[in-house]
Amino acid sequence: MRINQPLAFFVALLFTAVVVVGAFGTSWNTVSELPQNPADQSNIEGIGMLIFTHYVAPFEVLSIVLLASLIGAIYMAKGEGNR
Amino acid sequence: MENLMFLAPEITVAATGLIILFIGVFMSPRAKNTLGYLATLGILAALGLTVQSFGIEATMFSGTVSIDALSQFFKLVFLAVSLIVSLASIKYNENSDHTEEFYALVLFATLGMMVVASSNDFILLFCAFELASFATYALAGFEKQNPKSLEGAMKYFVIGAVSSALMLFGISFVYGATGTTSIPLIAENASLLAANPIGLVAVVLLIAGFGFKMALVPFHMWAPDAYQGSPSVVSSLLAAGSKKMGFVAAFRVFLIALAALQPDWQFAFALLAVVTMTFGNVVAVSQTSVKRMLAYSSLAQAGYIAMAFVVMTPMALTGGIFYTLAHAFMKGGAFIAAAAVVWMITTQRTGDLEVPDHLNNFRGLGKRMPLAALCMTVFVFALAGIPLTSGFMAKIVLFSSAIQAGMTWLAVIAILNSALSLFYYARLVRYMYFLPPEGKKISLPFPYAAALLLAAAGVLAMGLWPEPFLQWAMDAAHVLI
Amino acid sequence: MLPVASLLILVPLIFAAVTFFTKTKTQAAGLAFLGSLATLGLTLYAYLKFDSSTAAMQFFESIEWIPSLGAKYSVGIDGISMPLILLNAIVIPFLILYSWNEDREAPNRFYGLILTMQAAVIGVFVALDFLVFYIFWELTLIPLFFMVNIWGGEKRVHASYKFFIYTHVASLVMLLGIFGLFYASWQQTGIPTFDIRELVSQFQFFESGLLRDAIFLSIIFGFLTKLPTFPFHSWLPDAYTEAPTAGSVLFILLKIGGYGLFRISLPMLPNTGSPRLIIMLLGFLGAFSILYGALVALRQKDLKRMIAYSSLSHMGFVILGSAGLVTLSVSGAMFQQFSHGLIMSILFMSAGAIQTNTGTRIINNLGGLAKKMPNLAVIMMLGFMASLGLPGLTGFIAEFLVLAFSYVNLPQFVLLALLAIVITAGYHLWAMQRAMFGVYNEKLGDVRDINSLQVFSMGIIALLVVYFGWNPNPVLNMMITNSEAIVSLAAALGV
Amino acid sequence: MVKTALEEFALLIPLLPALAFVITFFFGRKMPSGGAIVPILAIATSFVISLIITLRLLANPSEVISQSYSWFAVLNIGILIDPLAAVMLSMVSFVSLLIHIYAVSYMSGDPGESRYFAETALFTAAMLSLALSDNILQLFVSWELVGLCSYLLIGFWYERPSAAAAAKKAFLTTRVGDVMFLTGIIVLTSDLLKLAGGFSDGTYLLRFDEIFSYIPQLSTLQANIFGFEVSHLTIITLLFFGGAIGKSGQFPLHVWLPDAMEGPTTVSALIHAATMVTAGVYLVTRTFPMFIAAPDSLMVVAYLGGFTALFAGTMGIVMNDLKRVLAYSTIGQLGYMMLGLGLGSAIGLEAVGISIFHLVNHAFFKALLFLCAGSVIHAVGTQDMRELGGVGKVMPITAVTMTVAALALAGFGIPGTSIGTSGFMSKDPIIEAAYLFGEHSSNWIPYIFSIAAALLTSIYIFRLIFMTFTGEPRSNYHGHESPAIMTIPLSILALFALAFGSLTRTGFMNFLEETFANSFVNLDIGDLAGIGGNKLVEAAGHEPLFVLWLPLLVAVVGLAISFVIYYLRIIKLGSLASMKNPVYRLLYKRYYQHEIYTEFFSLGIVYGIIAFLSQVFDVIIDSIVEGIGILTVGVSEELRRVQTGVIQTYATGVIVGVSLLIILIKLILEVL
Amino acid sequence: MIPLNFYLGLAALLFSIGLYGVMTHKNGIRMIMCIELMLNSANLNLVAFSSYTNTLDGQVFAIFSIALAAAEAAVGFAILMAIYRMHDKINLDELKILRW
């Protein structure tokens, strides 16, 4: 089947429109002012803390994800096949 | 520190996967045959631990992990599927050099699904979701010399990746509106989502993400191809296991986190459920590949389960949750039976080798592999909702709940669909039992037999004595309400 | 005391299971015969212990099954179910004997399915819980589907699917009604239950007349389709015709539609939103089915198809009698079920014998068979006479009761039905004349008469047709007792 | 306790032949001459019992035998032997006995001999049960059973297509009447149920005493049919009479009776002359109290009976088949009986007497006629009168007995005395009653019918006698006199045909008039007639002399005409009796009834149109069901193409799905 | 201060470009890159929200998501390699044995 580029374009446009209208039409509950002090803007420590305390479970899972994709990728990419 | 014992099933599964991976390196292909039994044992242990932990309520890891009736029930579902699959795969991987990779991936995928069931935070949910996806991408393409397997894997991968992107996009909006990724906290702060158009966008994006796994029309299109192309044992895992992951995630996300947007997603699910079940059943009628037919029937079943989101009474949720377990057994078993047939055709070199799961290859299965045929009959009858099987009980509870809630139209559509499905299921049974066999009798290998019997036992147990399962499903449903 | 009701399901089921694993035809048929004899023995035991003077449930058993849905495994026998169980138990052994000498593929499955069917049908009759009832109800589909699909005639595949899906849809609609009943009652009482009698008695307390009508109509739709009645009958001719003889007879023994009518629909009928209208509708459907079945039968060229339509015509009496709502008309309808089972068994067995022995069922291709098949001719003649309602045979008692006593409430429909009686006689005699009398059609070659086992089995049923034609009381009395209970309900509400 | 003993024996009357049926049916093939001895003995015993009971009853007509046993529900089986039943029982068992004996020879050598005797035994049982039933339902049951036997026996030589067709026709035509009868019973049942206000223990709903006790109430129930107010009683009785029309071969349902001659001649004698066909008359007699209490019913009976008598005669004179002539004569005589009953609206209970008297006498002479015909056919091998002639020389006994029967049929006798054939003794009173009726109501039509019919009767029966027994043989046949076992019954019957009437006349009628006043029912027919609006003639007037002599005169004229044409052959009918003559053709074609009934009505309308429409309708209903299936498969084939196999399409599907879903939900939630 | 909507608009645009790519490209590698684009646009969203709601969860999520995207790409490319070995092509639109 030929790929219908105009249709794809239209669909993509439609999607953009929908999302943009949705996002722009929303009154986001944001902080009024970003922190001005550059020193305060460093959040590496915070992120690190979060990853190893609050989000330690995803972090552990992520390790398995990496392992799994590693195995999968190596297996799939290996040249010989035996089945 | 939290009591890690609550996570014992997950840890067991992960550990088994790692051990297999590790010791597999040092084993000869012949010796690797034992790995399957090891995996099975590990899953059995995890299953035992899960059943043992029924009734526990806890949140762990700063509230990102939640152990409750819902999570435990779904862990049961995943582990049961995993058990069946790993049992059957012993034969599938016989004398293969890649047994350890296969089992590791199966176990990791199972782990991913189990974590999804427990996750109480979008970040964990997403990571676990991806874990299950990545592991199964590779599994779907496990027969890398088989163009169909690769094609299925590729389609699965592309649509899976797109869907995960959509889901992530949706999650980002939810996060943006509520400022948190924790499911309970989102539920508390959902007023902004509910009041603004972005709520609907987020809901639909999330539905697309989960709907990919659930295989709801129109996010289903990978499913028939992937189910047909993948090795049958993997199809079993995909259809019976990873599909349910989509449901448990959706249960948690929509019913708990996004309860405030109920009108939006209720309507979406109503539409999707009706379209999905009708499309699945109608298209299944004209299929000649059994695995593809099962894939479409799987769509239809997903449509039925999605009714739970529409009706949303405790009864409906009970029914939906009960249905996931029932479907796990019957669809998992059916794919294993297809696997047995594919094995038979490929080893015997008779019949339609081009499409080894072609309906014609099921001719006279009742004579060639009586046990496989009998179990397959049980599974398709269950799928059709014939009494005394799990499928019947599941449909009873689910469809009746629609009546209870006054949604007779939905029940009528579902029931008509169910009647339609009888056509292609009965056809399969007819091929197996009432057309002459095209080959001699084959003895069914033990692993297939064991897996089939296990699944059939599950199907019949749920049909004949549904009470304990119903109770568990009810407990699980209460978590959601 | 034996748990007869459960045993009546279990015994054939166990024998069926064992039969599936037999290797030879003799083993299969023998075992199935033993199984059916055991069932017959049990049934006779139950019959002898049965007290026909009470409408109450006897041999009652109840075990908790799914407490969270209020479903129980509860079974019992009363005057509505006893005769039908008896019918099944009596005919099946002779059906097995009848087909003893037939050569066919996979005899173990054939006989196993017969027994499975018996278990399922008896299961429907004894079930007192809607869920159990529905389970057995659906279970009856499977053996019949395979019967038609494997051993049927030329168009068996099509016929089997049509039957399977058509009646399955109807059952599902009925299931919807059951759900409605279940939840409405749950809402009413706060306790979930699937108990048939409990739900039926709760029915009257539902507030909305529309709801009651909807529940009633969807449930009765399932029954009417199964019965079947005009205009939901189109699965019937194909299925009955294409089925092998044993399959046709099993179809005939499938009296679950009428049973449901008596057990469930009639007690509910007076409490529906507009009972008068529904009675009129039922009366019309019944009378019209009688007439319509007869007229269409008149046009049939295929013997089995003709009998199939005559069956449709006969089942009209069941509906008409039920709609009559007089004790004796309802009893007549019940008796019609019983008598129809016996009579049609003979007819289908005869038609089957003709088909196997001559190779055709087309009436015009036959001729003068009485000369070559005298035994068959006698039995078939008796069957035809019973079918056209000749007094002294069971059919008359049923039809007389239905017609005479439905006339009290539904004179116009009875008159409509009476029109059909001559036509009924017409097609029966026409078929008889063409097939059995006249000059022997030499094209048929040398035709053998039915074998002695067939003579025996058909003969016994024929004798029963005569016996119950002269002395219907052994089954009629219990029917009257129960219909009194049903009708008194209606009378109390002034319907 | 002689009476009790008798009552126990009474039960044996129908049971013995029934038992004989069972024995002959199962074992007859192994017995000599088809096991004929069993039914003969059984029927002989029944006859003896009947006769004894009749004689006892003659002594005390009000002490009838009545026994009832519950059958099912509120209905019963019972025995009622009152004068009417007793007469009927004796006659049936007697004639049946003689014919059975005769048949031993007549049927010998037929392969279906045992079947024949089984079926006739069953017939006799059913006929006896019909006569002695004490309720309308049992009567109906027996009524149908005799119909069945008639069907089986007409089709006895089933290999002959014409026999099979005639059997079917007989069954179906009488079935039309039976349905009317059944409808009458149904209406009656439901009326009784309403009047009685439900079931009460101990009473049997459809027993005659129960029915008769409700006559006054029944007559007050009115139904509106096409704008006419009709009493329920009239409806019921007319429906009953509908049954009688079918069974007794009255116009317009008489068409089956001539065709029924396809059966063995003994069957024609037994069933289609002496017994079964009179069941209709018996039914009307049995329910006479209802008829007389129903306005207009008896008038219908009288008119139809009279018309049938005449109508049958017109066809009788042109038939060439020996048995068919007799068949039309049977129809005609049955018409007389019906006429007699119909005249009850004027003469009351006396009608029962004359009519049943004629019934019994007719049984004798008509059975005799048939048996003689059978004897001829048996000996000669043909039944076409054009091929016969001069048979009297070879078969003297047959010729004599048949002539006696013919005289009886034509009604020869001397008026005013008790000298005369039995036919004269019973037919004359009917004609006289018709005159009385005419005088009473100034309505002469029945009388004219009856006189005209008498003339025709005389013509055709003597035509038969002359054509058969006199003259030269018109074909090559080898006749011989029948054996004694056949001629003895003939002689006995001849004796009865000759003398029975004159010997029993007054006693018989008085006896029968006791039927409705005894220990079982006690009705005042006069009162009932009042209910029905029928004014009875108070005192039987003295008819003018010519009225007494006219029937005889007519018979003699008939004899003369036949003598001239068929014996002397002075007048050649030539073209008059050819198919070119439209009147002759009309008669010979039997008024084209076959064409009208079978071709036009049965085949054309019912079969052709209605059944075709039903079939079309059925196909339509069926195609709806089938169409859904075909549609689903078609849709499925198309819909699966959505799955193109191209990843990009799949991705597009997902995106389109998401976008459209959002828009759709937005729209719908906003709008709703 | 840049309004939040700019970020959101950009993310939506990027996402749509990714979608358009997935829908139109035949080459498997391009498709996978487009998918990466989509994931990253979502990350952009997450980071923007994180910043504007002054919570760090979004950024944590983004980091996880980047890792996951990498893993995803690895698996995807591996499958592509297997396909390339078999067909000597990585035009995904030609993979259509499985259809209907």
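When the chains are written out, they are named A, B, C, D and E in that same order, and each has its own residue count from 1.
What we mean here is this: contacts are C-beta pairs under 8 Å (C-beta built on N, C-alpha and C of every residue); 3 or more make two chains touch, one makes a residue touch a chain.
All values derive from a computational prediction rather than experimental measurement.
Shared contact partners of chain B and chain C, listed by label: D.
The minimum number of touch steps linking chain C to chain D comes to 1. The central chain here, found by comparing per-chain C-alpha centres with the mean of all protein C-alpha atoms, is C. Ranked by separation of Cα centres from chain E, the top chain is D. Our note on geometry: chain B versus chain D, Cα centroid distance of 77 Å, whole angstroms. Averaging C-alpha coordinates per chain places the centre of chain A 65 Å away from that of chain C.
Distance between chain D and chain E, defined via averaged C-alpha coordinates, is recorded as 96 Å. Within chain A, the positions touching two or more other chains are listed as 1, 3, 8, 11-12, 15, 18-19, 22-23, 28-29, 55, 58, 62, 65, 68-69, 72-73, 75-76. Among all residues of chain B, those that touch two or more other chains are 123, 126-127, 130, 134, 137-138, 141, 144-145, 154-155, 158, 162, 166, 169, 173, 176, 179, 197, 200-201, 224-225, 420, 423. Each of the following residues of chain D touches two or more other chains: 640, 643-649, 651-652, 655-656, 658, 662.
Applying the touch criterion to all chain pairs gives A-B, A-D, A-E, B-C, B-D, B-E, C-D, D-E.
Listed in rising order, the residues of chain A touching chain D in the complex are 1, 3, 7-8, 11-12, 14-15, 18, 22.
Of all the residues in chain D, the ones that touch chain E in their complex are 640-641, 643-648, 651-652, 655. Residue ranges on chain D touching chain C, taken from their complex, read 72-74, 137, 140-145, 148, 151-152, 155, 158-161, 163-165, 167-168, 171-172, 175-176, 179, 182-183, 185-187, 189-190, 193-194, 199, 602, 606-607, 610-612, 614-615, 617-618, 621-622, 624-626, 629.
Remark: chain A residues 1, 3, 5, 8-9, 11-13, 15-16, 19-20, 23-24, 28-31, 33-35, 43, 46-47, 50-51, 55, 58-59, 62, 65-66, 68-70, 72-77, 79 touch chain E in the complex.
Chain contact summary for the complex, chain E toward chain A: residues 1, 4-5, 8-9, 12-13, 15-17, 19-20, 23-24, 26, 51-54, 56-57, 59-60, 63-64, 67-68, 71-72, 74-75, 77-79, 81-82, 85, 93, 96.
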